[in-house]
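Next come two complexes, and both contain chain A; in the first it sits with chain B, in the second with chain C.
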Partner chain A sequence: MTVVLNQSFTGISIGAVLLLIALGLTLTFGQMGVINMAHGEFIMAGAYTTYVLQQSLGGAGLPLLLALPLAFLVAGALGALLEWLVVRRLYARPLDTLLVTWGVSLMLQQLARDVFGAPNVQTRAPELLTGNVSVAGVTFATNRLFILGLALLSVLGLTLLLRLTPLGRRIRAVVQNRDLAEVSGIATARVDRTTFFLGSGLAGVAGVALTLVGPIGPTMGTNFIVDAFLVVVVGGVAQLKGSVITAFALGVLQSVLEYSTTVSIAKVFVLVAIVAFLQWRPQGLYTLRTRSLA
Partner chain B sequence: MTTTLSPSPPSAGAARKPAGGPLAARFRVPGAFVLGAVLLVGVAPLVLSDFRLSLLAKYLCYAIVAVGVSLAWGRGGLLVLGQGVFFGLGGYAMAMHLKLADAAAAGSTLPDFMQLYGTSGALPWWWAPFAHPAFALAMTVLLPMAVAALLGLCVFRRRVKGAYFAILSQALAAALSIWLIGQQATTGGTNGLTDFQGFFGYDLDDPVNQRMVYFVIAAVLLLLMAAVRQLFVSRYGELLVAVRDAEERVRFLGYDPAAVKLVAYVGAAGMAGLAGALFVPAVGIISPALIGIVPSIGFVIGAAVGGRASLLGAVLGAIAVAWAQSTLSDAFPAAWTYLQGLLFVVAVGFLPGGLASLASAVRARRARPRTTPPAPTGGTA
Partner chain C sequence: MSTVLEITALRAGYDRTTVLHEVTVTVPENGVAAVLGHNGAGKSTLLRAAMGSIRPTAGTVLLDGEDITRLAPHQRVARGMAYVPQGQQSFPHLTTAENLRLVADGRPDGRRAVAEALDLFPVLGELSGRRAGLLSGGQRQQLALARALITRPRVLLLDEPTEGIQPSVVREIEDVILSLTSRGGLSVLLVEQHVGFAMRAAQRYFVLEAGRVTSSGAGGTGAESTVREALSV
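And now, the complex of A and B:
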């Protein structure tokens, strides 16, 4: 029983990381159909922001707290810049954005290598986040709990933003029907850039969280990006709840399979499960019902 | 479907008439093809040193993959980001046979690396059939095609398309390389399979036999290019482009777009498998680092730079990018990575037709004032 609980907690914490990364993708992929492979490098930017803050301020707790908003801004600014320079020219060819942003991600990785060096760097976690909490024989690592909390908070914040604010209303309008939104007086180009800023900023926040569980390196983004895209594909691009459910489901599936087989076989099985799932729901878990054929 | 068949991609201008009359048009592509064949088979082995020739053999393997990419992506619009999987399946099938043949020649039943990693001493059951040369050769092509057919059936029948398909094929590449690394005892893990002695009875260390391998690769490339070009100008080629540009219309006309796409995808997979199989004797290694996500995208970029929809453009682009990679990445690793990134952004973002479209764009600009003299911008030259 304890094993089951422990494994599910591991799965949920894998899911929380996936969710943090996939949230931003849900926005950019969902709204604009842009497949931003440089999303992983925005994660890296967030992680290095934490590292730089800790190096310059010293200590562990304060830099981490400061890094959360700052990483959001840094990664968001990078995202907005990318949108302005490249992506907005490619809205007519969404598939090509994948290759273009892959090129951008190669350059950003090399930039990180030139600035921070090729070897991985480490940040110190605050003492509060290094221990364990035991409840009924099940140990919860506090850093994992922190990430889970951060992920849920991000979902909550994003949901409120999309539901309650004028900006959120505009974003939803553009997702549902771009042309109609445009003729209704919404500046879709500006909404696109804001959405890209938000989505990329969330990647930065995910990067801060990842410093708690692993090393920071130029290629850290690539390790997560494909998994995160799979979350969005299975969840369906239209609604956040699809990504939330899928992230945790894939996390738990992965951890259960890893426990009963090996890491490498678990990866293969998860992929098979995803392909099988898409047989049942080709558009993902939650879809936007439209009359269009595409 | 009754329009005249045009060998040029539809994006390269609607009514482009090649200069020089119909006879020249009919012979231009074969002319370029013959020139390429003479260069590859006749000139290159005379001019290049053994070392350079073996490098060229490697680039030609990538070019074979690019032929398939041009078919599936350029003409079919399927962004195939998992070609590394098929390249790897073909390569491993060939490498497993060579390993077993080497072991048999040395009087052992186990390949050398298996003895090193201390497996139970028995050959895994899925290794055993690869001892037969015919089986292994067939598998280099059939195995990738079977995997592609399975995934393609699942994906295309349910109309999963565009980005979803690209991401799935990318995930497949990631899964295969992770699986290979995980099964070190039976697949060689990160090191892959390497250190081959013989190739169907020929000594691979002998430069003469390396030349033979080069000729085989060049011949396969030329044959595949000829075959795929025939495919491009056939009814099927037209249908494939139609599916790329307006899938729903093709469906309403009574065709099955899933079947059309499946043929292109499976064909491209078979070519990638063949390329992987030829890569093994030419380069002497197959490893997970050659088939994961990053090299899989690398297979596409050459075609993108040269011109995805143009067969010759894709092949030349693949050779050029592979050449640039091996020339520049050793001397200037950092600069090469920036350049590679820039290549993606510029080639795909700003020149979607690739370098091949540059020539026809220039030609179209030059031809315009002559065909329409009263054009306001056309000055008298």
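And now, the complex of A and C:
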């Protein structure tokens, strides 16, 4: 029983990381239909923001707390800039967007190499997040608990924003009927940029969280980008709940398979399961019509 | 009667196909101009071009004398234009209340504007929590009209507001349009297949055939037979 609970927690914590890195994509890819290959580099920008803060301020706890809003702003600003410079000119050409943002992703990686050097760097986790807590024989790593809490808070915040605020209504309206939104008085271009800012900002927050579980490097984003797209595609584009369910389901599946096989074999089985699922349900768990993936 | 919206020598279309050829249409202040014509004559294209959804290749659109030809649709809304497109369009996954609040957001008198719209279409108040995609065609059209009116337009573009709607609701929608225009402060450019209603409402009419105005004149029920004759050619 303890083994099952331990593996479940491991699965849920993998799911939380998946959810955090995919959450921004549920906006830029899920809601707007933009295949942004530079999303991983916004995760990297968030991670390096934490590193820079820790280098400048010293200590571990305060820089981590400050990094959360700052990484959101840094990655969000990068995203808004990318949308303004490139993406808005290519809304009707999704494949061109994919190629161009891939190019931008390579440029950002090189920029990180030039500024921070090619080798990976590491941040220090606050003491509170380096240990474990045990409840009824089950061990919980505190850094994983922190990431789980951050992921759930981010989902809650995004849900409230989309459901209850004027901006959320505008974002949903533009996704559902862009032409009608425009003739109803909504500045759709501004909504696009704000949505991109939010989605990219969430990638920055994911980057901060990832500093707690791994090293920071120029190519760290590329390690996560495929998983993030898988979560959104399997969850069904434009539906937040689909991504939440998928992230945790894939996390638990990965964890269970890892226990009985190896990490690599588990990954293969997870991918096979995803392929099989998409054959059965190509639209993903939940669907809503979007502009370029109608 | 002075003119509030002046569309002059407008040429517009899609890709390389020109649909409208030098179309000139005017809307009287506090009045209704009706555009009539067969399917494919270019009526909806005229409204889309007037609203800025498609960019004309020639001609001008003046609102109160200001050239708005190059403005984006949302900028035209800010200047007092509203548009109810064909087909009872809504934001299907937003509730009725959200559809209305969406356009009221950010307006100082937004709450009052929503309340007034609900007075005009009480059924929307009863369905406030229901997703717009689950409403009937007539209810969705009332929602579309309410959404347009919340922006407090001076010029309302209506594209076949009674098309495909059950007769009981058609009468209700016609009554609202007639009462709004008779109250003053609102001018309407109405595209309508239903000649009887169009001529009852309109002070001016324009018959569009193959993207050209082939006949125009003063509206009113007296002109109905002239219009029917023009349409039968």
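FYI, the second predicted complex is superposed on the first by the 288 of 294 C-alpha atoms of A that agree within 3 Å, B and C clash if a C-alpha of one lies under 4 Å from a C-alpha of the other, contacts with A are read in each partner's own complex, and residues count from 1 in each chain.
Note that in this section a contact is a pair of C-beta atoms (placed from the backbone, for glycine too) under 8 Å apart; a residue touches a chain by one contact, two chains touch by 3 or more.
Small disclaimer: the values here were computed from a predicted structure and weren't measured.
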Next item on the list: Figure out whether A:L129 sits in contact with chain B (first) or chain C (second), or with both, or with neither.
Entry: neither
Check: Counting only touches as set out at the top, which of chain B and chain C does A:G103 meet: first, second, both, neither?
Finding: first
Check: Of the partners chain B and chain C, which touch A:V213 in the superposed model: first, second, both, neither?
Finding: neither
Item checked: Partner chain in contact with A:P166 - chain B first, chain C second, else both or neither -> second
Margin query: With both structures fitted on chain A, tell me whether chain B or chain C touches more of chain A's residues.
Written below: B
Margin query: After the superposition on A, what does A:T188 contact: first (chain B), second (chain C), both or neither?
Written below: second
Check: For A:V52, is the partner it touches chain B (first), chain C (second), both, or none of the two (neither)?
Finding: neither
Next item on the list: Considering only touches as defined above, state whether A:Q279 meets chain B (first), chain C (second), both or neither.
Entry: first
Next item on the list: Indicate the residue numbers of chain A shared between its chain B interface and its chain C interface, in ascending order.
Entry: none
Notebook entry, point to check: Which residues of chain A touch chain C in the complex?
Noted result: 166, 169-170, 172-173, 176-177, 179-188, 288
Check: Which chain C residues qualify as touching chain A in the complex?
Finding: 51-53, 72-74, 77-78, 83, 85, 89-94, 98, 101-103, 105-106, 147-148, 151
Item checked: Interfacial residue positions of chain B with respect to chain A in the complex -> 77, 79, 81, 151, 154-155, 158-160, 162-164, 166-168, 170-172, 174-176, 178-179, 181-183, 248, 293-294, 297, 300-301, 304, 334, 337-338, 340-345, 348-350, 352
Next item on the list: Give every residue of chain A touching chain B within the complex, in rising order.
Entry: 29, 33, 35, 86, 89-90, 93-96, 98-100, 102-107, 109-110, 113-114, 222, 226, 229-230, 233, 262-265, 267-268, 271, 274-276, 278-279, 282, 293-294
